[in-house]
Amino acid sequence: MLIVMHHSATDAQIDAVHRAVEAMKLQPVSIPGSQRTAIGVLGNQGYVDDSAILELPGVREVIHVSKPYKLVSRDFHPASTIVDVKGVRFGDGCPPVVIAGPCSIESEAQMLASAQLVKAHGAGMLRGGAFKPRTGPHSFQGLGRDGLKLLRQAGDAVNLPVITEVMRIDQLDDVCRYADVLQIGARNMQNFDLLKEAGRRSHPVLLKRGMSATIEEFLSAAEYLLSEGNSQVILCERGIRTFEKATRNTLDVSIVPLIRNISHLPIIVDPSHATGKRSLVAPMAKAALVVGAHGVMVEVHPDPDKALCDGAQSLDGPAFERLMAEIKGLITYLGY
Amino acid sequence: MLIVMHHSATDAQIDAVHRAVEAMKLQPVSIPGSQRTAIGVLGNQGYVDDSAILELPGVREVIHVSKPYKLVSRDFHPASTIVDVKGVRFGDGCPPVVIAGPCSIESEAQMLASAQLVKAHGAGMLRGGAFKPRTGPHSFQGLGRDGLKLLRQAGDAVNLPVITEVMRIDQLDDVCRYADVLQIGARNMQNFDLLKEAGRRSHPVLLKRGMSATIEEFLSAAEYLLSEGNSQVILCERGIRTFEKATRNTLDVSIVPLIRNISHLPIIVDPSHATGKRSLVAPMAKAALVVGAHGVMVEVHPDPDKALCDGAQSLDGPAFERLMAEIKGLITYLGY
Amino acid sequence: MLIVMHHSATDAQIDAVHRAVEAMKLQPVSIPGSQRTAIGVLGNQGYVDDSAILELPGVREVIHVSKPYKLVSRDFHPASTIVDVKGVRFGDGCPPVVIAGPCSIESEAQMLASAQLVKAHGAGMLRGGAFKPRTGPHSFQGLGRDGLKLLRQAGDAVNLPVITEVMRIDQLDDVCRYADVLQIGARNMQNFDLLKEAGRRSHPVLLKRGMSATIEEFLSAAEYLLSEGNSQVILCERGIRTFEKATRNTLDVSIVPLIRNISHLPIIVDPSHATGKRSLVAPMAKAALVVGAHGVMVEVHPDPDKALCDGAQSLDGPAFERLMAEIKGLITYLGY
Amino acid sequence: MLIVMHHSATDAQIDAVHRAVEAMKLQPVSIPGSQRTAIGVLGNQGYVDDSAILELPGVREVIHVSKPYKLVSRDFHPASTIVDVKGVRFGDGCPPVVIAGPCSIESEAQMLASAQLVKAHGAGMLRGGAFKPRTGPHSFQGLGRDGLKLLRQAGDAVNLPVITEVMRIDQLDDVCRYADVLQIGARNMQNFDLLKEAGRRSHPVLLKRGMSATIEEFLSAAEYLLSEGNSQVILCERGIRTFEKATRNTLDVSIVPLIRNISHLPIIVDPSHATGKRSLVAPMAKAALVVGAHGVMVEVHPDPDKALCDGAQSLDGPAFERLMAEIKGLITYLGY
């Protein structure tokens, strides 16, 4: 932590800051400059709470050098994490994985058709939502536990591991029973109680970036999972909220190479939710892979125009087949 | 709903859209223009899901005319809602209420001192957090149920109603037992399960705007509460995330007159969390009141530099006293 | 400047950074921490270009302590600047000034009616646009030099100083001839050539914040004016672009107390352009004044529904009269 | 245009809107719904100014169906535009072009070395800045006309067309004399006077998206160029400003397929300015190409650590060589 004093800060003010730092059991070191004094703070083992310093007289600014995460950081854990889900592997050196399936689980027939479709074209994991967060109270809210069973059945039928979103702590047992990967959605990225409970399970967790979460907050949320002992975490970029409304969100493609550099965790991309437009799913999936994403998650529905949820962004069978053909060519280019 | 066709859309494409609208049990009306055809959709009683339309051939855009909320809208419920908490009233025609107290409940002594302080200078309600959502896993997480009791005790000691945040459904019983108002925080604004459960209680609810929630999403979240039968809802603006980092968030002051126009629900402002800076709390509280906020919520701590949470934005006793003196003058100017 | 090294940075990498700093004629000071080394940079007289450092091996981050502005900073120039326009004064201790008039100058009759209207209710300065930046090429583009003359005439007729926007360097002579204050618009805030030329004139300059400019960039733009010798600068907040589209922009009210703290320059607010809605102009003008703005600039038109530009945000005569009555009460409350 | 009335709008209010529409020489058509009346507006040949309507009593909202651009729209001009610069072609069906060179022109030796470097590895055009917009007044501001000559010389020496930024109208003659393509930078995207003058020249124009410009505003800016007769326009995405500060801007990759759909103009991407980080240039360049960009523009400098401008984002020779090798493989995958 670096404490920057005002140009006009007095010696007494600088002394008071020193004493406040010492009261936190840390060591202050004055760095006199030509225009102002800065005070370095040494001895901290991690992120320091700056509340006691920030509004002391003469303090202009407090700059944090340590990040609020450590376990997820490549700085301290250089080796890449590989997340292995029944042999489907996410991480450096592994070919990218395609997770596919419908936004929501609607019926046995729909799930089975979806599973056969995505398996036929090479997806590595089946997705489907049983509990749906919907912006308005009158929309379809998902099949719940019955949906979980249908998902499991469909996955088993085609021999694919399955992933589904868990929204509440009291859903964790059910979701762990039926799914292979726990998905924590963008709206729950800072639901710290849920993160902690998920961190105590042994299931791999796919953590989606919050709609307005910085990379630092995203990694801090993952830190919650790791600090409870669960290091099988896959990060997922799904678009951020910006002023541009031509797409539902703005897919922050650059987060992929950035996070691969900062963290040892695998990162995938969800182009369906990010863009909200079927026609953008394939190009953005390819963009994600070409910058190094360890996978993509796409919405596929055998009959998107009849989907109960997010049909406008779902690929139908022929579109998914085309996408998978393009991805295969791209993976060859990428050297896998 | 208005469906805008491409300039070059064919008659067959326009027909297909008509049929799709009719399949939704709604009535399409073509509006031929000089450059393109638009198709109005009649007969809907509320917001219409556009998934089945959006990607039909020849469709350029779908424009929603109905809003995804109705119960919270002044359009259908012109009379202003007054939320009454043990005689403390929020809403049009009532003098604005100041809710004050510490970010988190730390001890009996701290809560009692806080309660006496805020009561002495004219606050109408006492706040304090028992369950704290913290960005990093190693920060102070709150006293939990013990904190709730301390809050209740302190409120009773000075005869002020109390408000505290509820973060999980399984906390609702305890919070309803000890607190007079349930606060739902910004991170939970779209925790729809929690909203629905809170909507089934009889306690008034203070709903904070999510950090990146549009006004439409904010009102839709409130709609969840009302649609379960709870119409004692106070909205709370607490800053939105923008590119500007000089303040923690950007307090969207203009939402207050805008929401007063669109909705019949009372709206208050939290300048402490919005700005993150002690020196901005008083000016922004006054800005909120002058544009018509029905109250403000400010963090006050008897000894902010020792606060376990958010000390940098908390007012100490003398600062709170000055703020309340300024507010009294302002309320006179406002005609109460 | 503080250079933060990676946890795993080698001694050789740290040495290389030292040498790079010395090559910039600055002095590096290593601050060894428990987790990583940071290197303080001493001896700089202002903002340092970090290009040569940022991508050296082992460097994690470069943190700037000096700001890219100095002349506008209260840190170095504690005394508040008062901008005096023919006796109308903007700055600390002066009653706030209302600048009012139409968006664009349309005719002699319209300008004279506008001038009489705003004068009658107590405005301190007359505004009107002769050169209009319009988003689309087919909109009304302003009367140009003829407009300037009409503005001057109208101002003289009611004895008010006048302000108008200058968009190009080759308009500077004309604008200086006819107007008392040069306005530089949001779109030109980083038109550095224009800033430099305006900085060489003796006319006061009103500089509007760019739509997506940080406070740091805003003050850096003002620094251009002051560094050319013109210190008669009034800053103007006019809303920033955010994800929220219910208002045209989001008026960042908190910038006013923040800038009053950081800079010695006066700052005013334009609620008309910020909100784009007539009904929000009065509340947001009051919000600006209550947080300490040195003035407000509002659009007033004798017949807004016939205005050639931005009629939807212009106040008509009765609305302006009501606003001015409210402002007078507020100014009394504020102690002027 | 669609005018949406309040639920409670009276017949008299609806009549008044009809009359206002008729006064604009347009035709109103009422569309009665179950909850409210909407009024369609027919007969307009383009975007309609809504000022006279927006604040009429009973009007809730005005929704624009026509876009403020027409000449750039693929809706009216389905055939793709190919921009040909001395045989280097940008547009559908042409292999993507790499524009490369230093941020600023510093010396004859530096330009010649840059030109030879970028030519050797397959760039199709040479870039270099003679006039530099710099955030702070004390930074290097470019060599001006001397720089233009050095750019021309270097381009001729290696037989590459050259592009450079024009910032002021009075620079247009010089830039047209020495450069093959006029670049209009992000800060000038809404400098409408400059756009109009550039639109009157016969040189192709590369127009960069403003830092906070929507796609609609970006295309409207291009409309200025086309409406003056210059249809040789290349659009360029260079990142938008968002809350995320880990990269300088957020590169909006999805704009590429979106614009290819909406407009007939070619679009390229500048990953160097978008990210501000050398390590992200190559991945984001590949992302741009894989989604269909007609080219990329990258900063290359023979000795980036000594660059006078933006060295941190410039590639050196070996990095550029690696990028070009990767791009060649990608272009093969893309089928060129």
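Brief remarks follow.
For clarity, chains are labelled A, B, C and D in written order, and residue numbers in each chain start from 1.
Basically, contacts are C-beta pairs under 8 Å (C-beta built on N, C-alpha and C of every residue); 3 or more make two chains touch, one makes a residue touch a chain.
Just so it is clear, the structure is predicted and the values come from calculations on it, not from any experiment.
Common neighbours of subunit A and subunit B, by the contact definition above: C, D.
With centres defined by CA atoms alone, the chain at the far end from subunit B is D.
Averaged Cα coordinates give subunit B a centre that lies 31 Å from the centre of subunit C. Work out the mean CA point of subunit C and of subunit D, and you get 26 Å between them. Note on chain placement: the centre of subunit A and the centre of subunit C lie 38 Å apart, centres being C-alpha means. For subunit B, the set of residues touching two or more other chains reads 212, 241-243, 245, 279.
Considering their complex, residues 2, 4, 6-8, 29, 31-36, 38, 40, 42-45, 60-61, 63, 65-66, 75-76, 78, 241-243, 245 of subunit A touch subunit C.
Touching subunit B in their complex are the following residues of subunit C: 212, 214-216, 240, 242-247, 250-258, 261, 274-275, 279-280, 283-284, 286-288, 290-292, 329-330, 332-333.
Every residue of subunit A that touches subunit B in the complex is listed here, in rising order: 20, 46-47, 49-52, 54-56, 68-69, 133-139, 141, 167-170, 187-188, 190-193, 196, 211-212, 217, 220, 223-224, 227-228, 241, 277-279, 304-307, 309-312.
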